[in-house]
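Each of the next two complexes has chain A plus one more chain, namely chain B in the first and chain C in the second.
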Partner chain A sequence: PPQVVPGADPSARQLCFEWGPAEVLVCETRFGRRDPGPDPIPSQSWTLTGCVADTVGTAPGSSRVFVVRRDQDIYIQTLRKLFNESHGIFMGLQRSEEELAGKSRKAQLVQVSKNYRSVIRACMEDMHQAAVSTRDPALQGQYSTQVSILSAMELIWNLCEILFVEAAAAGPLLLRLLDWVRLHVCDVDSMVREVLSSESPSKHKLFWNVVDVFVLQGRMDEARHLLSKEATANPTSMNMYKILDDLMKKMPMPSLANTQTLTELELKWQHWHEECQRFLQDGTFASNPHMESICKILLGDEDAILEKKELMTTWYHFLVTRLLYSHPTVKPMELRFYVQSSMDMFLGGESSPEPLDMILMAAFEFEMHQVIKECSIVLSNWWFVAHLTDLLDHCKLLQSHNLYFGSNMREFLLLEYASGLFSHHSLWQLGVDYFDHCPEYGRVYLELHIERIPLSTEQKALKVLRICEQRQMHEQVRSICKIMAMKALRNNRLGSALSWSIRAKDAAFATLISDRFLKDYCERGCFSDLDLIDNLGPSMLLSDRLTFLGKYREFHRLYGEKRFPEAARLLLTLMTAHIAPCSFWMTLLTDALPLLEQKEIIFSAEQTYELMRCLEDLTAGNVDKQKLQEDDVETTKVEMLRLALARNLARVIVKEGTVEGS
Partner chain B sequence: QVSVINTVDTSHEDMIHDAQMDYYGTRLATCSSDRSVKIFDVRNGGQILIADLRGHEGPVWQVAWAHPMYGNILASCSYDRKVIIWKEENGTWEKTYEYTGHDSSVNSVCWAPHDYGLILACGSSDGAISLLSYTGDGQWEVKKISNAHTIGCNAVSWAPAVVPGSLIEQPSGQKPNYVKRFASGGCDNLVKIWKEEDSQWKEEQKLEAHSDWVRDVAWAPSIGLPTSTIASCSQDGRVFIWTYDDASGNSWSPKLLHKFNDVVWHVSWSITANILAVSGGDNKVTLWKESVDGLWACISDVNKGQGGVSAVPEGQQNEQ
Partner chain C sequence: AMEDVSAKFVSQKISRARWRPPPPAALQPPDVFATGSWDNEDNRISLWSAGDLGNVGLNGEYHGEPHLLCDIQHNGDVMDMQFLDQERIVVASSTGTVTIFRHHQNNQTLSANHRWEKAHHHVDQDTSCGRAACTGVVCNNPEIVTVGEDGRINLFRADQKDAVRTIDNADSSTLHAVTFLRTTEILTVNSIGQLKIWDLRQQRNEPSQIFSLAGDRVPLHCVDRHPNQQHIVATGGQDGMLSIWDIRQGTMPVSLLNAHEAEMWEVHFHPSNPDHLFTCSEDGSLWHWDASTNVSEKPSFLHQGGRTTTYLSHSTINQSVVSAWLSNDPTKDRMEITNLIPNQTLSVNSLDVLGSCLVYGTDAEAIYVNRQLFA
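Let's look at the complex of A and B:
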């Protein structure tokens, strides 16, 4: 069905759609309001006035924008564990040794599968607790729904583990399926408990139901145990009981220990089956319908088994019971022959199969791709299919099927899953790792997504940066640094802006910020962020202005440390080597004044001549002499400088002309 | 499965024509026939009005956010023939530049990839496309392509920045040689591709397939393949996907996505370009995805069950 945006009124208006980084926007609008141009063509005959008339008297609600989002699951707190822990399992799997072959590799993969399942179960437990402890019926409903979804996921995964990952062979296959049924059909558990804990179980009205449950699930020992209680309570049926008990005891079952071949098992089973048949036909159990029914079940009588529908509750339970009592040595590839009929017989045309049923059926038929496809449709997020497919891919199962998809399917699903994680404020970090393990498009998807993470704090920005730097994503690094620099500048944090632009290797920006620093200095007479400027090191070379800033600060430091000759030399170099912008020369020359006025002679003759030349260059360059003359402060400064320079020159000539020591 | 996580009541007094999330999804800009542009802070499901920008004298058709590295900048275009660029300075939003070089309604604005600098393309009903480039210090340089489309230009969309051929990391500080391109759609039923050569914009290709006015064009983001993809939609109810394959020669080949029963107004790509959203006159938005075998399938379930179109992301036509 089409997604309906609640509240939007499609009859009156059209829907406009726009993508956001994680969300999408839907708003009501009316297209077709555009002016067709100076000469309207009759066929396109809306003019603006027509449109305005339409929208006058707009119904309320037309001014809303709906922010819509897919993948709600990542925002459910209780599922957080699922995402975090499965991430750990996923990473472990990617890094696991591929050199392990055969049995040990399979055991490893089965363990991974079990780990995933235990995470699902843990989440189910948490969700269940949440459902039980909340008072809000709406929330309770949500949690309960989640529990059923998780339960279904675990059911499917477990079956896939048995059939695909472990690839149980005939014999053990049935045992595994029995375990699977016992684990997942829990509706009867409370009844079982009730009967077992009653004082006199055999007198309980549900006694035979429980016996039947045990038999249906192949739990022979437990069935026999209960039956023995009935026998002691009812001595008249002792004979019957002994025979039935014996049959149940002798029933040949596959074992995991490989103590017999399939052929041996089949032979034994055939004999046993015939024996049961004889007893039934002899009328041994005729006087006790319960026991007779059990014997029929042992013989695999479908009608007898189907009579106990309510105790089995699902068609797949029926399937496994059927197999247990008619074909315990069933081979994996033979399962498909029983599936459709089991479903049909069980549902009996009363109800139709649900999505879960279709998925399980596809699994029994070894249609892996069908399983994945159906799960993708039914489940509301990609978590399940992404991780399951990845595991199946590691089992090298996807490649032998339908080569066209092969590992592309794995990557496709992982990309979808990881993309979804990126809209979450902290789970996005998990997404990074998933993209890393998508060889074809992982990197570019990461590049596109990581740029959209809001850099709300400096820590977050650094975190994102580290990720980009580790992966040599230079464009993204530059981009992020530029964004942070711009942000810092807007907030007047010049030091921060400067260090970001250095990291971004953005010369233009560095120049801009250096200018700001210099401007600040001129206005306030001191520098901010001295630490940063003092420790620029080689990054000073990023831009000329930055170099000047660094060197100028160095000049101030030298002066502060009274290392006047060095300071003087630096000052001069700043101008002669054109490191300083012309606009700053006046300031530099003014800085030279105190050096010129020192008792000690600091500037040599040559240096003084240089300074003079600089001053003349500066004033000569000022074409508008009138302007200069009008500005008294400027004129005075220039005069003072000329005087100081001249005086220094005089002193220096004398000093340099004098022979040392005399 | 989607959920509405926020309903922003914009209080626009008239029809909204465009709504755009900023780069990070933290701010929402809307524009309307009521001549205003509004900006909301929509973090954490909230909706705080940050700015109500007045300056246009007619319905505002589109807004576009610039890349955050340039600051918080928004462009808007309107029936009043103006393009206004707004900037947030010291916490307040102000008009930073106004362009009045068009002779009629400006229908579409689109910012170029940030790698090129701050450049805005504008398409107008006067048939021209202007390119406004920020040159620094509050100055903008204008280049105009007159008569880009006869009768009028309805949409502009930039190609993603891709350095031609070279996969080698450029030494830092050096500007790579980008080839700038964008697509436009107009009332001449054409989609055109424009390329910058020697600082001049030239028409590189004409894409003909529509039989009526092209209403929107959208150039898909790049995922590193040597192909380029453009979606175009038109008055004629058709949506085409144009693909340019570097390997197979110099031409664009169209594929019909679908023929709708009504005008299709708007097409837009998701960030990783794997889903195309189509907004049509039939009151629906449909989402389309390309499967591995190159077929486009509708994934929003609207067409489920019709004509073999699969509702599954990975088209399984081959599995039969």
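Let's look at the complex of A and C:
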């Protein structure tokens, strides 16, 4: 059924849509008012979970934006257990890929299917507990609804497991279907318990009902056990009991072990059937309507079975009982001949089939795609269809089916499910592995989704980053590191900013940060974050500017340690090897001033010439000489430098001349 | 064996798991642990009973999964957590707040006992982007030390409203973890591969020693100190590498051991059996490092079926004098390493060991208790 978005009224306002991954934006627009169109949300299982407030207040004419999300079940707390535990099973299944062949492979797949079901059941139990323990009636209703949805999911899955995964053959097929009915028709369990625990069950008013339940479910031993109690209480009809007991005991049943052929079984069964027929016709049970009806059931009499409608509660129970007593060796492909008629007979035109009935019917008819389609429409989650389809795909049952859009059905459903996980604030991590196993579009989806994960802490950013790095998503790695580096920069955490850009090997950003360091230095006259700059290590080579920063800091350290000649050599190299940016040359030359003024001579003649060339390059390179001259401070600096250089040169010529001359 | 592990899915990603310290001179195994969650709209601190001790199965294994005793809402991701004493837990939040929660054992409730708002923050502390996560906390009752993304170190006392000491900008990169070296000295690790010692008695706002990884400055995420030999320190890095440091000598690690394939989130020496070490990682594995194995005396068994056991070259010169962790003669002894979680896919964010019991929590929203660690 289409779902209405509360507050979004197409008759009052024109609506427009924008489809996004796992979400749809519904906007009110004033553009071209027309007649109300069809219902805005054509698909099922859509629910309004958030409503972004209007943009211009509540004044008339303001428009609102609705965020409509699909897969509402993702937000149910108790189901998180289902999502997490089944994720492990899913991953196991992908890993198990093709290791085994033939029978053991099938056993493996059946085990996987059973694991999925046990997770559903565990969730059902939790949900049931929650429903029992809450006092809030609204919440209780919600939990109960969830219990019945989970129970339906398990019912469908179990049937699919029997028919598709295990693909039980004629004979064992019926035994499996009986197990299925016994497991899921629980409405009569309390009645059975009540009668069995009463002081004398045979006196209980529901005694025969319970016997019937056992017979209808093919639980012969339990039925005979109950009957024996009645027999001892009624010595007069002992003989009649004995005959019925004997018939029930002798009923041929298919076996799981291949001890008899189907033909043998059919022969035995035919023989037994005739024996039952005889006893019924000669009126053996005429005096006891209960036993007579049981005998009719044994004969597969549809009317007699239908009389016990209340004890079966569902048409599929009727179907299985009918098969048990009329066609126990039914082949999988023959099921279709009984399904529709069983349903029609059971419902008797009184009620129309519900979605669940249609799904089960499609399964019995081996219409796998129909099952998946109906489930997609009816269920409020993608979990079920995604996992079931994946399992069936691993059973190699879906390969022929390609969609006219996207890749194949398995991938399509997995993408939907994983997108839902990604829209959840916490479950997004699970989604990653599902995308990994979608060969065609998984990567693109992951790229689109991962960029939208809010990076609230560095720890979370590291986790997201790891996901991207493992998958060589370079673009995303760069973008995450840049976001984090920007954040750190904004918070004046230059060290953190630098380590983020080093991680992304983002040279441009490292340059930007180095410039911030240098700017800070120029303004304050000292370095911040020395612990970082002194320990750059090989990461210094990431960007030229970073190299310069490291080397420049090294110069300061040498100077501080009074290792003047080394400091001077390094300073000069920074300029001559063009490590320093030109804009910084004046600062470097100014740094040379105190070295030139030392008592001791530090720069050699050659070095002094080089310094002079640097200074001339700098002033000559400055095209706007006019401006330089206007700047008094700069002019004074240049003059002072020239003077100091000239003096140093004079001193060094004298010194070198003397040393060499002597 | 795996059968001794009980698991519980808790519908929240677990960032921290900690055993409650046993009362002095207690002999019974640990029974209560605390967990914290992260990345939820509504994060929680929860206290769990580890499982029914009386319920021993046929083969002596413990049944009964952990069950919830009580929980309380927590503002922000739980970044780190430690028991201050038997009743109080100190929790570090991604909002920068540090909170002491008290466990009232008589009526099984939790309450916030004391809170230091914005203990960690950036320059612009009044805006939401000015928040800085508190990444690590360590307690030595009544003292509490916290570190954060803001590079700040705080020293609190449980009974004092204001911080006893704050070192602003102690580190120019993010501090990831902290532990006590001695009562007045702490160890921190940061995001540029440095291990630093701080002497809290000194008024200088500088570390007393800096150790550093050679080569690439791989971020360090966790640190633990050998319980008996205080000079031995283990750290875990972003590349999953385990580094062992001898802080008496050199500035680089004594040994680098290849371990996990992704971030190592926690490293813990076994408190009473320190030849054993435990590490967990983003790659979804939890490793048990056994340095006590002497291969020359014991045949090596390579366990099959799920468990991976590897022997790493490592040796002891003389176990009574030199710790097994510091020796580096590959010919004599080997270290036995066992992955305790085969086939796990999502991150193991936290672990804690006490006695023969191990507890750990994962991003797959499950907590696990292993009661027979050395069986």
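Note that the second predicted complex is superposed on the first by the 513 of 662 C-alpha atoms of A that agree within 3 Å, B and C clash if a C-alpha of one lies under 4 Å from a C-alpha of the other, contacts with A are read in each partner's own complex, and residues count from 1 in each chain.
We adopt the following convention: a residue touches a chain if its C-beta (ideal position, glycine included) is under 8 Å from a C-beta of that chain, and two chains touch if they have at least 3 such contacts.
From a predicted model like this one, the values you see are computed outputs, not experimental measurements.
Student: Looking at the overlay, what does A:L448 touch: chain B (first), chain C (second), both, or neither?
Tutor: Only chain B; A:L448 stays clear of chain C.
Student: After lining up the shared chain so the two structures overlap, which partner does A:P235 touch, if you call chain B first and chain C second: first, second, both or neither?
Tutor: Neither: A:P235 stays clear of chain B and chain C.
Student: Check the residue A:G560 against both partner chains and state whether it touches chain B (first), chain C (second), both, or neither.
Tutor: Once the two structures are laid over each other on A, A:G560 reaches no partner at all.
Student: Just to be sure I read the superposition right, which of the two partners does A:R64 touch: chain B = first, chain C = second, or both, or neither?
Tutor: first
Student: Tell me the contact category for A:R490 with respect to chain B and chain C: first, second, both or neither.
Tutor: A:R490 sits against chain B and chain C alike.
Student: Looking at chain A, which partner touches more of its residues: chain C or chain B?
Tutor: Touched residues of chain A are more numerous for B.
Student: Give me the intersection of chain A's contacts with chain B and its contacts with chain C, in residue numbers.
Tutor: 490
Student: Of all residues in chain A, which touch chain C in the complex?
Tutor: Result: residues 77-78, 80-81, 84-85, 87-88, 91-92, 95, 425-426, 429-430, 433, 456-460, 462-463, 466, 470, 487, 490-496, 498-499, 502, 528-532, 535-539 of chain A touch chain C.
Student: Using the touch rule from the top, collect the residues of chain A that touch chain B in their complex.
Tutor: Touching chain B from chain A are residues 1-3, 5-7, 10-11, 13-39, 41, 44, 48, 51-52, 55, 58, 62-70, 72, 369, 373, 376-377, 380, 402, 404-405, 408-409, 412, 415-416, 419, 423, 441, 443-445, 448-449, 451-455, 472, 474-475, 479, 482-483, 486, 490, 505, 507.
Student: Spell out the part of chain B that touches chain A in their complex, as residue ranges.
Tutor: 1-21, 23-26, 28, 30, 32-33, 42, 58-59, 61, 67-71, 79, 88-90, 103-105, 107, 114-115, 125-127, 151-152, 154, 169, 172-173, 187, 213, 215, 221-224, 235, 263, 265-266, 268-272, 277, 279-281, 283-285, 292-293, 300-302, 311-314, 316, 318-319
Student: Which stretch or stretches of chain C touch chain A in the complex?
Tutor: 9, 11-13, 38-41, 77, 79, 94, 122-124, 129-130, 132-133, 135, 149-151, 171-174, 191-192, 194, 207, 210, 212, 214-217, 219, 238, 262-263, 282, 343, 345-347, 363-366
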